[in-house]
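Take this structure, written in structure tokens, and hold onto it; I'll ask about it next.
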Amino acid sequence: MRSKLEIIFISISFIFTAFLFIIIGTLFIMPSTEGFLSAIFSNELLASIKLTLSTSVLAAFCVILVAVPTAYSLSRYSFPLKSLIKSILDLPMAFPEIVLGIALLMILGDRFLGSWLESLGIDIVFTTTGIIIAQFFVALPYAVRILYSTFNYVNPRYEFVSRSLGYGEFETFRKITLPLAKGGIFASSVVTLARCIGTFAAVLLVGGGTYLKTETLPIAIYYNLSLGNIDTAITAAIILVLISFGAIFVMEKYAHENMEGVN
Amino acid sequence: MRSKLEIIFISISFIFTAFLFIIIGTLFIMPSTEGFLSAIFSNELLASIKLTLSTSVLAAFCVILVAVPTAYSLSRYSFPLKSLIKSILDLPMAFPEIVLGIALLMILGDRFLGSWLESLGIDIVFTTTGIIIAQFFVALPYAVRILYSTFNYVNPRYEFVSRSLGYGEFETFRKITLPLAKGGIFASSVVTLARCIGTFAAVLLVGGGTYLKTETLPIAIYYNLSLGNIDTAITAAIILVLISFGAIFVMEKYAHENMEGVN
Amino acid sequence: MFLDVQNLSVKLGQFHLHDVNLSLEKNDYMVIIGPTGSGKSVLLETIAGFFTPDKGEVIMEGKKITNQSPENRGISIVYQDYVLFPHMNVFENIAYGLRKKIQKDSFISSKVEKMAKMLQIDHLLSRNPETLSGGEKQRVAIARSLVVEPNILLMDEPFAALDVNTHAYLTTLIKNVINKHQTTCIHVSHNFNDVYNLAEKVAVMKDGKILQQGTLHDVFSRPTHNFVADFVGVHNVFQGEIVGHDKSLLQIEIDPGIIIHSSDDFQHDSNDVMVAIRPENIIFSNEKFVSSVRNQLKGVVKDIFEVGHTVWIEVQVGDVTFRGVLTPNSCESLGIKREKEIYLSFKSLNVNLMECRDAYHSI
Amino acid sequence: MFLDVQNLSVKLGQFHLHDVNLSLEKNDYMVIIGPTGSGKSVLLETIAGFFTPDKGEVIMEGKKITNQSPENRGISIVYQDYVLFPHMNVFENIAYGLRKKIQKDSFISSKVEKMAKMLQIDHLLSRNPETLSGGEKQRVAIARSLVVEPNILLMDEPFAALDVNTHAYLTTLIKNVINKHQTTCIHVSHNFNDVYNLAEKVAVMKDGKILQQGTLHDVFSRPTHNFVADFVGVHNVFQGEIVGHDKSLLQIEIDPGIIIHSSDDFQHDSNDVMVAIRPENIIFSNEKFVSSVRNQLKGVVKDIFEVGHTVWIEVQVGDVTFRGVLTPNSCESLGIKREKEIYLSFKSLNVNLMECRDAYHSI
Amino acid sequence: GIFTGGNSAEGNLTVLAGAGTILAMDDLKASFEEKNPGTTINIQYGNSGELFSTLNTQKSADMVIPGDLTFMEKAESKGYLENDTIKPIVYHIPVIAVQKGNPKNITSLKDLGNPGLKIGLGDTNGTAVGKQSIKILNKTGNLNAVKNNVVVYAPTVNQLMTYITSGQVDAVILMEEIATTGKGQDKIEVIKIPEDQNAIATIGVSLTVFTQNKNLATQFEDYITSPEGLEIWKKHGFKPVQ
């Protein structure tokens, strides 16, 4: 028998999930079938799907790689400027991506870093690299914030026991800390990947949004929308929904099977 | 003496925070002082600051109110369709906000819900309410995902002890579960508020982005940028930075003082 | 009955709590003993409502509370692993249950402080549970459960982390508090001192079942099961055959020619029985002596070892080995050493008989 | 010396671990006892490297390891609260330390299985630690530390959650394993049986200081501090004055007219001393008897109480009360009851003298 | 390259183009690249302001193709343009768009002032079409009546298309090429504004002073203003300036 609290809480989940479901579902009602089919096999959408997935996965991977040590340092060690660093890392979450995009453009543009990078033969603005960098900085703060809170929930004594059983710091981190933080790492991976896939303004500004070259799925949606190609826009959106749903469903299932007993 | 791992990890934090700092700092180099001062006291910016803060705080508050029971249900109870619900809730994170904006428009538009709401005298599209609703749905999935992982880290036995000491489910949830999940609730509040402040495309579409009426700070930035008023745009961005920094710094400080010993 | 547990069954993975029945009067004090992993903690937590039973009922004052939510049971539990709230200091941990019933802060403070003083943790009130020592945590857990004056108090090894003196002090304290508030207690313990000092009733668990329960005297002096006999320390347990009787005395042959007399009013279908004699009931002497004891056997000392303040000796009589315990002084004055001949005497009153259920395993 | 702890000091909040010195030879077995909250766990965790000392050194085979990282110390620790890895099953928990040293899976399996079998947890290998009972967790923690064959093994109340039989079994087991691998052990315990059965050296802690350390016999028979005497159970501790001597025997008056003889070779500046006599060293009789005992006093039985298998009696001699312990049988045969007159006899060898440091507090 | 001779240009161009030109420009780019192997044209789209910001902050890009010639004045005054390279190409013509079937029966600018309608306009400062709309309505004389009906001044033009196709508004004023060429046309109906009431903008092109490859830039400029290029513009609904 379910308790009162349980019923109320589950109802709330159902209600708001239903809302979201309807909102998302509306997308599927819109396009005509022919429009959908012709759009889905267009060069444009196929290219942008490929681009979106490859850049997002790479960017998300880099984010986790940087966010894990950063969040761990913030959670475990004390060092100068720590609370300043924490605030700076939180900041970009509150920016509209467009601000981050402008700032990135400025810094990577002519003046400082840009010309130096160019002299090294590294092009960032208007390239795929630019997209990845934009996605990286948009998503990094989310990952750090979630992982910071997660590492706070992992008891450092487990790490010490591992050390006293002969494992060095790195190994302990890998074998004890990371697995214990699995739940949070998973949560932050989902958020990070989602954020990378969904970034729009920053990627548009830094990547340039060139047709078939740096046009990610969100940009494709934007373009088509501005042209009134609602069918194509919505087809792109549906594809995004399907891809995301597939990826997330698989991830959640995998996590569920692998997390038994961890949390 | 710091260990090797500690030094490497702290260095990583410093390097990437420095990057972000420079990126954000670039914004401050751009505007001329007069331009900055005149922009900051313009009607437009003052109005959009007020609008942004009031809608974001309200939306973030609602998000937490819904996300807490939803995440708790997902973490503690088992009920039909649970893993589907989890995936649906994760989904909108991966959408460019513009997709969410379109979907919201459609559902709130003439066809279904919209006319019914209109007959009740509730206007959503092109109003402040619309902005809040857009922010709500953009930020909700983040909050749910973070809180879900957090509640998984809270041992249910604490809840049981509280029950056996005479507290009902609601009280136990308030006095035990919530305080133990404080770290994660705080993390998700920061992310949620940040997301609400920074939302652009969805708010633009649903709210309409009308000058002085539904123009939030991100829209003001975009708008001024499109007018070529770079000074005003960057001033708005700087204000956003300052407000966010102030809010987040105070929150992190507060959290630090109140969280000693919890995590 | 104040508390009735009827046919309580819970399955957890491989483990099966099996048809547990318990009956306690108001203010009864039951101590549950049993080997590690036998299901003692699961039983307590099921009574408190943490696990949902597959079968059976928990009945309090005639009302079924099996499906009632834990907060309505009036049962308070001291966990084996304390489960102190990490986000509250010691004071707030102890005050937690009180705050539900009482509004007045000053009253709560005084109650908490009094309880903390009694448990000698008053200097820790503002501390965070994480920083406490094992024994300190344990006393905070006890205080938290005790201060709400529950109808029923369940304690899962509440003294395991305490030193002997603190243990003894708390034993007296708990006894007083329990009696003052007429609390009904179930106490899981590994320490027989708790049984001797606190128990009115004793239950012995093994493999998810209660093997025997009853008064302290019943269980310790008349174990109905050889596992119980062995577990509670009746170290002389022999297989034997009833070969005759003399008035109320049964004669049991435990080895060819070795006959033991027992005054146990044992109902027997078969002549095969188990015989149990507690080591501390055996008197050793260098000479035979005349007295009321009906059993006097001659044996040879095979082994001597000190266990704490006492000396244990193993004496071989025919092919069976008896174990006895005595003080180092008696040992010295008797000049006990290996291979020395010695007399064992024990009263027939002290020879317990049990059904011969299954083969006896020594640990 | 194999392990030297020199002037180790740690401050944690109010608590101060104060200039601790310990010396252990290879394969020494030291048991640390002391009241709850005295700093035993903090001491072990500081030696293992969890807390950084403010002062002092830990020296292993002549090398300072005070600032070495824990993984290079070769010290393995069994925590009071187990700290099993929640994301690994029992097998992986035990195998964890081995995997660092050994690659071969089959070898690891066989070692883990052997260790698990010895600790009677082989049926639990695939289980998740969360689902184990208290005693099961504890044995997994022991197995995890033992299987790596550490140079130094620190154990913080490793048997606290075990029933008496499992405790006894593990005592023997640990003894064998320790000796086989020449492990040096420091074992914190609340149970005097561990001291009797395992300790070569004993240290007594109180308030962050080590009050006394030495061989089992030293500490238990010649406590140098009245707290130690009291804590280890020397219940007859009296304040007295040296009033004379006769050859090697000192004469101490503990009450007007009550003189006790002691053979303790006690160095005294002042004539004020503390006298300690262990209760089990007192012989009771109804008649005076002629023997080698130099102390024979007449008193009146004031109280009788059973503690487990033994009977404690309090006998008033003049204004002082002696406590003694005897078996129920002797008690019965002597016809001991309240207000009965009785003789107490004890050897002068068993009368310990201590400096009169501070007033004696009974718990 | 070395072996292909001097007059066939090679290399990269970066072009900043008005968001409204996207389909035409993508088409032009593709056919130009096909005709001149080895060249790559990168086009970044945005509204006039965005383009200006990019030019202003980055000071790169070889060529601009803004949606309105007024852009040129502003850029010229900052000295960003090669003055003699400014050329007009096609017109940008505002029209009225209503929902399919014209349920509110809107046939002229006048009707936009009918009470109870919901009208969407482009932002009157930020967007070219917004500015034009005000001009047009001023001419018609019912600006105030229409303003009362306006529920949204959209800062980006694509919102207007979204609002009309999703039924949030009854009518919008937007650019003809968007209304007639996009696939959205089967969800809307276009009502032309008589030329005398209209205010028409011009799309033009200019090289910037930042160009690194003037040769190629000139070649591309020539191509998009050539008869062949103008055919492509027409295909996408634009009217050449002639």
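Order of writing sets the chain letters: A, B, C, D and E. Residues in each chain are counted from 1.
Basically, contacts are C-beta pairs under 8 Å (C-beta built on N, C-alpha and C of every residue); 3 or more make two chains touch, one makes a residue touch a chain.
Not measured: the values here are computed from a predicted model.
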Count of contact steps on the shortest path from subunit A to subunit E = 1
Over half of the interface residue numbers used by both subunit C and subunit D, so same, or under half, so different?
-> same
Farthest chain from subunit D by C-alpha centroid distance is chain E
Set B-E beside B-C; more C-beta pairs touch across B-E
Averaging only over C-alpha atoms, locate the centres of subunit A and subunit C and give their separation in whole Å.
-> 58
Where subunit B and subunit C are represented by their mean Cα positions, the distance between them in whole Å = 58
With chain centres taken as the means of their Cα atoms, state the distance from subunit C to subunit E in Å.
-> 90
Enumerate the residues of subunit D that touch no fewer than two other chains.
-> 69
Identify all positions of subunit A at which a residue touches two or more other chains, and write them in rising order.
-> 3, 102, 106, 169, 222, 225
Residues in subunit E with touches to at least two other chains are numbered 53, 57, 156, 162, 166
What pairs of chains are touching here?
-> A-B, A-D, A-E, B-C, B-E, C-D
Which residues of subunit B touch subunit A in their complex?
-> 2-6, 8-10, 12-14, 16-17, 19-24, 26-27, 30, 66, 69-70, 72-74, 77, 79, 83, 85-100, 102-104, 106-107, 137, 140-142, 145-146, 148-150, 152-153, 169-170, 173, 183-184, 186-187, 190-191, 193-195, 197-201, 217-218, 221-222, 225, 233-234, 237, 240-241, 243-245, 247-249, 252-253, 256, 259, 263
Report the residues of subunit B in contact with subunit C in the complex, numbered from low to high.
-> 155, 157-158, 160-169, 171, 175-176, 179-180, 182, 261-262
Partner subunit B, residues of subunit E touching it in the complex | 46-50, 52-53, 56-57, 74, 123-127, 151-156, 159, 162-163, 166-168
Residues of subunit C defined as touching subunit B within the complex | 48-50, 69-71, 73, 75-77, 79, 83, 85-87, 96-97, 100-101, 128, 130, 144-145, 148
Partner subunit E, residues of subunit B touching it in the complex | 30, 102, 105-106, 109-111, 125-126, 204-205, 208-211, 215, 219, 222-230, 233
